[in-house]
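Please read through the structure below; I'll follow up with questions.
Order of writing sets the chain letters: A, B, C and D. Residues in each chain are counted from 1.
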């Protein structure tokens, strides 16, 4: 997605041609002057290290590299497209990033003349090599910010880098990005400065301002279960344990994950059902969690604040009626109308439901049910 | 005693005529909060169960002397609503709205910086001083008046921990839900400063979560400026890096923002950190004994 | 100039046609539906009260009114163009203004439902009738500012007025205006809200951003002497006394005017020669001041700070060599190298030059020379 | 003692390599001001008579510890230069530049509001603490160390009145030329507050002129907060309404901003107001006797 946005905002990048078969990769390499870089087109990181980026010295070279990518895939994912990019003659490599800095509530622009380094490491060990310039959101990026940033680069790269930074800031603001990172930013032998590889993070809260970005994003495959949860407005993150977790409120769900871990088991997911916890939301949540074959037990942890636990209990029963469940479901209801809620569950006498009085007890029961120890 | 909200609070509700706005306004009033006005553009002259509605916050302030605002405006207009409250001279703005774009909040943050208006939130459950005033959606029933201050990034963890405290018979001076967004108003440091100055608070519970460095900075503040005991809780030990855990702000980036680092930062300055909400309540009980 | 800017920013105004003879005024009135308002086109105020605005009930009426304006002129100024404007059916009259508020350093927007009143008077006597809304320069005009402003108007005028205010603010910022005033802002019977008469003040310091405005302004005649001074970068204001004043620094010149008045005479002008006070600037200043036939004596008051008085003295002599002078010129030099400067003048023994040691003495000498008393 | 500039001043000059910039920088240094750096984009590494030049104010601050900036940048870039100094953490910015658009200054004003950076000017002669430091273009030769503070909207009236004072043997603690633009930094009120707190100042002379209501607001401040004697001067009794008298700010608008109203406001709160610069010096002499 980064490259599309870069193109839209005029950030200079290497010329690139998308190819869907080896012949096209060969032809593209010809168009680009006889050499190229062939890159798999998948939306996961570590492309450079896993053989996903290959230098081609000739069209035939490119065809071979692309052919191998199409036939072998990349990190267990099928490859249907490769990007054939021009080989640019690199003189020097730098790094730049613009981001929303949560510790100040404003923007932060960073630049260093050291390309290809781990930026966190650099910030720790040699902070003087990383130029950090705060940018006030109301003032925007000013010429002196740019001058201060590019001052860390060799003089002949400054003008080109300044142009890139101004465009990146425009992208950051106009596209509601929270991070725009270029690593490496390169000075070419002909003096041009271009973005060789990039990462852009868009603020989910602002997607309504950017229906086009939603489309761009939709073009990349995501996990179908996550997609379903997202479509229902649920916050779902797949994890690698076996206790499915459903709770109301992000903090409480995170806390539940932790308490389950302390009880000796591992959570299979994070799922925040949100404020209402209606029968519908509960049904979808259960469906989402149960669709994960790793789940051996489910823990529903609800603290009734505004949410009334009696309604939650009814929602769970209704949901189970619609969804069905092969695994035990530990339910902890607390807060508003909790006793009433527990009574409803007890009276329903549902074979899969295991009631728990507290969060701690619920976590221990769930851990026992998946065969975990009693570590806490 | 208490911080932020109390007997002097005169509340105006922005977005009072929406479903959520009306519901919580009446709930807050029933709790004893002095709700003096509501604002919904185009509905001036109407009332919500006797609470007069105005077109602008400025008009509400002029006519009723409101000094605190609670915002239930949808995310597209909520940042603007905060600015409106600040320009109208409101002292405290509590923004409940979830989902405000970070860019809008960054502008709001820059505008409020150095001014007199204090913001709580957005994407927060609000502030309650049990027995005095409730501004937001924290259920008053689970709280009890007392001398423990609480500040939390997570809303439901406010409920969970207040519940654990109340069950042990430990009441609260004020509970502040600061919200889980990356760019927010009042934070741990400002809350700790207010609690430190509040003669009605003996101990502060701070509830953090993964992401950012609010907790680390708060720990430094605790070591330098806080004399009252602090008990901490951090959620998210099990959260994998790079995954947003519900809150926009709850994400571990690279090696930064982990729960372990935060808990360690707090412990290194002498704060007790509970590993479960239940343990937090026990630690508070022990510290007060 | 206001109307041109309003048109450029889409602020609704009555339709208007410029006419350069009576027949054209008649035809224009026909085009506008048979009735019109005929307005003289001169760049001075008080047009409404001095017979410069006439309601015409028919094309013939308009021809008569325009004919009279062309033949009689307006307030001693020739009239070469009249504006024939549509007669709009006015339901209500309001007032709005947006300005740079020097007491806060930010913008201020004002509105009242009471049209045609003296706004200073209203602000004093019934401030509650005048809605004043400060607007932060970095935030700009927000919807709530507009809502707050238009809330003072009757409901059916609010939407139209909001549109006008938004456009006026855009004009204020984009054109570097320090004042945009609409009086009256009118609600028409058909519900539209339009600007009937307006005043726009542009920040001189920002004219380099608006070469087009300089042209607009150039289209209106100004006093040729003032124009000449302005072209030379001199600050010159014509007054109605007979002592020509030249000084360095606005404050010192204003103070000189006051001290001359206390000495019993009246200044013929304000002229700030600026920091350098080179021979060239001095020559132009003297030319400008002496070109006013009312001037019976000139007072040159220089406090040498950075400016060296010896150079100023040489400049004055050189200037007099080029310009010549029929009236006495009192010169007060003080500050850096003042003694040297005075010596140079004394030695030159120029017939018109009268030296004075202090500002007070200089003012008294000048007053004597024009026959004024010794009031101070 | 003194206000704003003194022995702790470490000066960076923005626009140091321009003709005016170089001239006044060297003059200020010759007076004894600690000039540590200059800034001219693209000239980093050069020096002006031994004063190192940097590309940015941030670099100058990093390398030299500069805490005060003087700006000689042309009007099109001067507002930006003020922002740059503020972002670099400069405490005091003295902007000499004349002719900055008011819109640009309004943005600067909004940005500095509530922050830590103090601005003097623009379109001002600067600040001098006689015998200690001179930041700006006020000729040091006409000043004498002493215990009278002076603040003025007009530059040449600073010179004229300081000259009259010095001739009577009355020295100055600090002279502040606040500048004649409509939107400016420090004003009468802020200067009076600093002089009131300065143990080295016994009396304050404030020199106003027509336009705006700075003097009227200062008069209210004098009556409420100033215990030291104040002597005033107002220029522009003879100025006709609606005509700008040199300074962009010096204009009588309608019935507002007249010299008579300003003088009366000052006299009504007990300040003596001289009718000529000479009389001002006599009033100061009498008040100190």
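One rule holds for everything that comes next: contacts are C-beta pairs under 8 Å (C-beta built on N, C-alpha and C of every residue); 3 or more make two chains touch, one makes a residue touch a chain.
Treat the numbers as computed from the prediction; the structure is a model and nothing was measured.
Looking at the partners of subunit A and subunit B together, the chains they share are C, D.
Among the remaining chains, the Cα-based centre furthest from that of subunit C is the centre of A.
Computed from the mean C-alpha positions, the centre of subunit B lies at a distance of 44 Å from the centre of subunit D. Note: centroid distance subunit A to subunit D, computed from Cα atoms, is 54 Å.
If you average the Cα atoms of subunit C and of subunit D, the two centres end up 27 Å apart. In subunit B, the residues that touch at least two other chains are 107, 110-111, 113.
Within subunit C, contacts with two or more other chains are made by residues 136, 138-139. If touching chains are joined by edges, the resulting network of the protein chains shown connects every chain directly with every other. Of all the residues in subunit C, the ones that touch subunit D in their complex are 100, 102-103, 105-107, 120, 136-138, 173, 176, 178, 203-206, 208-209, 235, 237, 239, 247-255, 257-262, 266-267, 270, 272, 303, 305-306, 334-336, 358-360, 376.
Residues 133-134, 136, 138-139, 142-145, 147-148, 151 of subunit C are the ones touching subunit B in the complex. Across the interface of their complex, subunit B is touched by residues 113-115 of subunit D.
Interface of subunit C with subunit A (complex): residues 138-139.
On the side of subunit D, the complex with subunit C involves touching residues 75-76, 99-107, 109-111, 113, 125, 137-139, 141-142, 152-157, 159-160, 163, 180, 182-184, 207, 209-214, 217, 233, 235-240, 243-250, 254-256, 259, 275-278.
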